[in-house]
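Look for subunit A in each of the two complexes below; its partner is subunit B in the first and subunit C in the second.
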Partner chain A sequence: MKKRTKRLVAGALTAVSIMGLLGGCGTGGNSSEGGSGSGSSDEDIVLKWYIRFDDQEDTQKVEDALNEIVKEKIGCTVDLMNIPRATYNDKMSVIIGGREECDIIFTGSGYADFWGNATKGAFLPLNDLLEEYGKETYDAIPEDIWKGVMIDGEIYGVINYQIEAKTNGFTIPEAIIEEFNIDVDSLTSLEDIEPYLAEIHEKYPDMVAITVNHMDTMPMIGYDEIGTMNSPGAVMIGDDSLTVVNQYETQEWRDYVDLMRKWYEAGYIQTDIATATNASELQMAGKIAVGFGNVKPGGEEQESIAWGRPVVQKQITEGRVLPSMVSATMNCISSTSQHPEKAMELLNLVNTDPEVYNLLCYGIEGEHYNKTGDNRIELVENSGYQPNVDWAFGNQFNAYLKGDQPDDVWEQTIALNESSEVSPLLGFAFDQEPVQNQIAQCQSIVDQYQKSIVTGSVDPDQYIPEFLDKLEQAGADDIIAEKQKQLDEWKASNE
Partner chain B sequence: MVENKKKKFRTQTILNIIMILFTIACIYPILLMISVSITDSDAIYEYGYSIIPRNINFLAYEYIFKNPSSLISGYLVTIIVSFLGGAFSLIVTAMIAYPLSRPDYKYRRPVNFIVFFTMLFNGGMVPTYMVVTNVLGLKDNIFALILPYAAMAWNILLLRSFFNGVPNDIIEAARIDGAGEIHTFVKIVLPLSKPGLASVGFLIVLRYWNDWWLSMLYITDTSKQSMQYKLYTLMKGIEELAKDASVSGSMSVIDFPSESARMAMAFLSIAPLLVLFPFFQKYLVKGITLGAVKG
Partner chain C sequence: MKYVKPNKKSHRARVDRKKTRTLTLLTLPALILLLLFNYLPIFGLAYAFKDYRYDKGFWGSDWVGFENFEFFFQSSDAFTVTRNTILYNVIFIASTLIGAVIFAVILNEITSRKAVKFYQNVMFFPYFLSYAVVAFIVYAFLNVDYGVLNSLLGEKVNWYAEQQYWPFIIPLVNFWKNVGYNTIVIYASLIGIDSSYYEAAAVDGATRFQVIRHVMLPLLRPMVIMLGLIMVGKIFYGDFGLFYMVPQNAGILYPVTDVIDTYVYRCLRALGDVGMSTAVGLYQSVVGFILVVIANKITKKYSEESALF
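Right after this comes the complex of A and B.
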């Protein structure tokens, strides 16, 4: 009996290895096919670009129009392989994992796992290609910012240049400002809004006096997080020695939580904040008095639409270029590409030629949008092409202006990017490998506690010690030590 | 006599009440779902879910049917895959399960083990993807929606135990009467296992019907994607918008009736099965009772 099982297992293993061989043959065949293709002229080259937007009726039309220009300018054509946003990450993991031949892949720290795939060699290093075929694209973005997509000194992605600085502030509807006589200029910290919240709450007890976006707490209270958001280990802003600390143990975080708790108990925050997902609906329905979160140039106009009424924004923190912002969205060249030079030429074209870029973003003039000014457009409602992802294609500052965006919104944004302080961590890519188990464990504890603590939903005196204790058991100290070690090495090699 | 009747009446009433409650428990969520799907989303926010729709509108359906041809082709794909694929899968499953149920099959144990093994371990997502696309070349082919689920270990084992219920003597008798193996299988074993085939067949059809995963992996041509996949991308796409907002630092403004749309989609995905079920029910009930008698 036992012998039989053994024989069986051996058989199964043989079968598996044969399958492996077959698989190998399959890919081998593919690449040789591609190889023969590369010998022919440019005109036959079709660049495959995996990009993340939902299926549009007129994608083919736009692609044809795009190819007319692309063919004339760089002599090849593009195949836009759009994948719906809902499945992009799953689908790209098999496409990249399966070494499928393609040329350009849209990615970012939250899309198709940029850091993981770049370290595994799925993307080509781009320093030389940028130098030779993408000089203009390279020059349009400050050198400091390029550091944010480097691993060991090599750039791995062409950043879709957009707002790279994070600033926090208030968003308040004009009507509320008038009614409660809020002196917007006097608001310079989160606490300054408190007296007004009391008034608002007294007059409209049904209203949510304030909603706070808790995604960006750490930078706001003065810490740059390393690696995955919320994983233990951050560096205090302005600390040149780059000492890694547990951000949940800091006094700043405790103060912030205490403030939230105070507001929660006073009834300024909605009681189900920890689980609520209806913020935008509440906002639209006029049930929120004050919002706190990201603000940016042109944000007032944009948020006025999202709030369904005119709003005013007041920035209270200085802009800060964060690693997470820089690596948020980019296009990479796949290491399976047979034509990396052409792919770079195309990326350069998209990033520098407003005609090409706007065609990708908004479609064909007269059909999908109408020009209302020199550089201003109006989208045709319910047209067949509205991917709505300007930030996924290329340099956003080439985009036409829409709606109420101020004329100089891009100049303002560029100025903000360039004037903002750059996080000293930019260019440091944390390798999670040595502590990935601890990170996974800590992540589940963070998921369990962080949101209810930070929203003030639970008593911090009881839950913060419990949270810290669990984090320590899950190996937070190992993570912090590993972060410190890698950071020190990186710092030493940079000097 | 009278006593007896009274008693019978009482048990009847109690049974009826239980059954009525049970029926309500089954139907209420479906009615609620339909009601919510046609309620104005502001009203949902204001008053919560209610069985009688307030401020009726069909915005959710309008949104989903903005592109009707896409949804209709999705339905067609789902129906073809569910029924043709389901029939094919049932045949394959039965043909694997039958030999496994025969004690005189020499390689019963190893084959059994191989089938069982796939329940515990599989090739993993990327290798499977490579086999289907590179080795079998099924990318963008409707067979990619059928073949991966054609032989599921669980269904094979289930059907095998149904076939085990066919007495060996009948099979012996057939052989003595001169029936070949195929003849025995088709004319004797399959008809005797109808209830089993019906239950397993139903499981298979359901699996194909509810699947969006295969469409996601293997199909990029929108005319070959299943309906469930299209609904999934529509719904999940809304959730992904929040992530995009944090990346682009802005909220794309969409006037999307998310609560009611969720319900509308759920309704659309089960509606055809609701219509079909009464026709199938006959066989299912028969299947259950037949199985019970044999038990």
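Right after this comes the complex of A and C.
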């Protein structure tokens, strides 16, 4: 009882403190309390938008500037309720679970649990609203991509259109390339880097020769996962029969693990990689020679900042539009909203009006950023508004260009999106209800083994059989069978 | 305090009533909090038997009987995590209580008041640290490349990948964090012992050791039993911070660090199911309650006056 109570107390306290915090935000003069009462005119409507960025000194200023435009264009005002990144998911689960009245919620497969909350009725279905109030927004995004946020044919979130295709590749600092004469063009697979790693390790034994992003290995080795990342049951890319297999039993995964194990034993990978959380610090300190993970157009510029030195990226896999990428970030309308129509009008405005969008992303011109070209800006250092989350607000292709981003970065990205192969699973939403006991148990087993195995930290000959055995006991076969069954039904209904 | 039956007519009863009224008023804020935060939420336990959906609300969601309990009891890990939870807690209770009594007695032997205050503060301090901070302190010791312990040993032990050390590390961390608090509680009741006992012991020619054994320890017994009973009530809970943050959530260590709370967190993180998590919470509470009642019964049998109720 005590612990439960503690949680509840904690929940209540969080709620109270959030309200306090928000109360603070809402005292800007133009936002009147209780503006959502029925029968009031548009002018009194204050849309509450929960969004994920850290507290900024000038949020109120930007909100005031935003409201001037919003009031003129759609007649209501917005209350930006930002919640810091680190606590966003926890606080949103209290707010959503507590059925707090609000209008727009920023979410995604990794933020405020989009799939779970959408299936539990926390968000409104948007087909009609998009049709009536968000036509432009809808048309800007290919129809295939909309499928990625559908459940039973209904769209549940307004996608923040950005890069939807996943490509993997190397990120290597220029200095390392020069010193070790790395022929970047010759790198076409993960193995190709190996001879260089040996050289790097020999010369700098204290340096981490390579860090590999293990967040989603499966698409890279050729499998599309269904439902929650890492839960058993995936379809091989290119398999038109859509046969669901256990991805951890495949030869591709085994080969990948063996390669990682080889590198781990050779000392190319951090000894404590399974628990390490200091990758970005090491990267900044120049203690990592090669990175492997997601790459994207304009990514070199972004990564050079994260590495603290100029880097070069080399893409090695073809782009692929994955369900997990499409549902990565979006804005939903809460089912507690009193003004869903207005909320959709606002989302449409943010997604189609570059002025509104850039105001949200970069603040006020002359104060938070300066224009250096027609469509190019420079952020004012240490200004009072730098949320740095363009991808949380709306269609990123409306954003001004920053720093050295190539002029055509958005065209390149759109081209990549459109030329990439679309996963045949897009539009299929797996209902985990029938096998939720098995999923819960498998999740715990995946957590226990997957990371240690995939990073090469443990002996695969011993741990993979143990892992598979435990998954089987926990009902992995039931999950795979259920995924297959639902997939077959979905396929049949789509033909 | 002895309860005197109120008698409307007597003067004494009037004084008593006045006294009880003041006392009742004083406890009122605490009572209200208790009611709000400990009794009111009990109704929420009904979620354990519901398939809760936000759009249907509490009343509209379907009743599902014991379905929410299934995932936990069906799992092959239920045994391991229950065993870990209970064994660790038994070690925690025994180690902190014995440690606290020993430290309290030692503190009592120190004559310099300044020294006592110093030791008290130093021992009490870790109790106020959050486990997030403790986890970093432990990490500073155990990091494979830069850790204090590896530099001292001159070896490269990957502590976060070696199961055999954790059954010692975890109780040690818990002891370091909690013993100070219990020491102070017991030390306080040690100071409260009437000096006439010591005088009597001195007249009888008891040695210092005999005084400890025959005067202090028996008089501390009720306090120790009470602290123990309170801890028994939590025997089915694993401190989430201790078991999740301190071992850095390393998968390889789960067989020795996983407890009910961390297990359930991991299982349900993907599902976010209100009903299933409430079900496990209810299970933990019920078992905890039964254990307290049993422990209290046993205490009553051996020393009536030490029992809680």
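We adopt the following convention: the second predicted complex is superposed on the first by the 457 of 495 C-alpha atoms of A that agree within 3 Å, B and C clash if a C-alpha of one lies under 4 Å from a C-alpha of the other, contacts with A are read in each partner's own complex, and residues count from 1 in each chain.
The working rule: a contact is a pair of C-beta atoms (placed from the backbone, for glycine too) under 8 Å apart; a residue touches a chain by one contact, two chains touch by 3 or more.
Keep in mind that this is a model prediction, so the values were computed, not measured.
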| item | value |
| --- | --- |
| Which superposed partner A:163 touches (first subunit B, second subunit C, both, neither) | first |
| Which of subunit B and subunit C A:271 touches, first, second, both or neither | second |
| Touching partner for A:457 - first (subunit B), second (subunit C), both, neither | second |
| Contacts of A:328 with subunit B and subunit C, given as first, second, both or neither | first |
| Touched partner set for A:120, first subunit B, second subunit C, both or neither | second |
| Contacts of A:447 with subunit B and subunit C, given as first, second, both or neither | second |
| Which superposed partner A:97 touches (first subunit B, second subunit C, both, neither) | both |
| Contact residues common to both interfaces of subunit A (with subunit B and with subunit C) | 4-5, 8, 12, 93, 97 |
| In the complex with subunit C, residue positions of subunit A that touch it | 1-5, 8-9, 12, 93, 96-97, 99, 113, 116-117, 120-122, 228, 231, 271-272, 274-275, 277, 335, 432, 436-437, 439-441, 443-445, 447-452, 457-458, 470, 473-474 |
| Subunit A contact footprint on subunit C (complex, rising order) | 37-38, 41-42, 44, 52-57, 70-71, 74-77, 143-145, 156, 158, 160-161, 233-234, 237, 248-252, 254, 261, 263, 266-274, 276, 281, 284-285, 288-289 |
| Residues on subunit B engaged by subunit A in the complex (per definition of touch) | 41-42, 45, 66-67, 70, 109-110, 113-114, 117, 123, 125-127, 129-131, 133-135, 216-217, 220, 222, 232-237, 239-241, 243-244, 246-253 |
| Residue ranges of subunit A touching subunit B (in the complex, touch as defined) | 4-5, 8, 11-12, 19, 22-23, 26-27, 30, 54-55, 57, 81, 83-87, 90-91, 93-94, 97-98, 100, 108, 110, 162-163, 215, 278, 280-282, 285, 294, 296, 299, 302-303, 305-306, 328-329, 382, 388-391 |
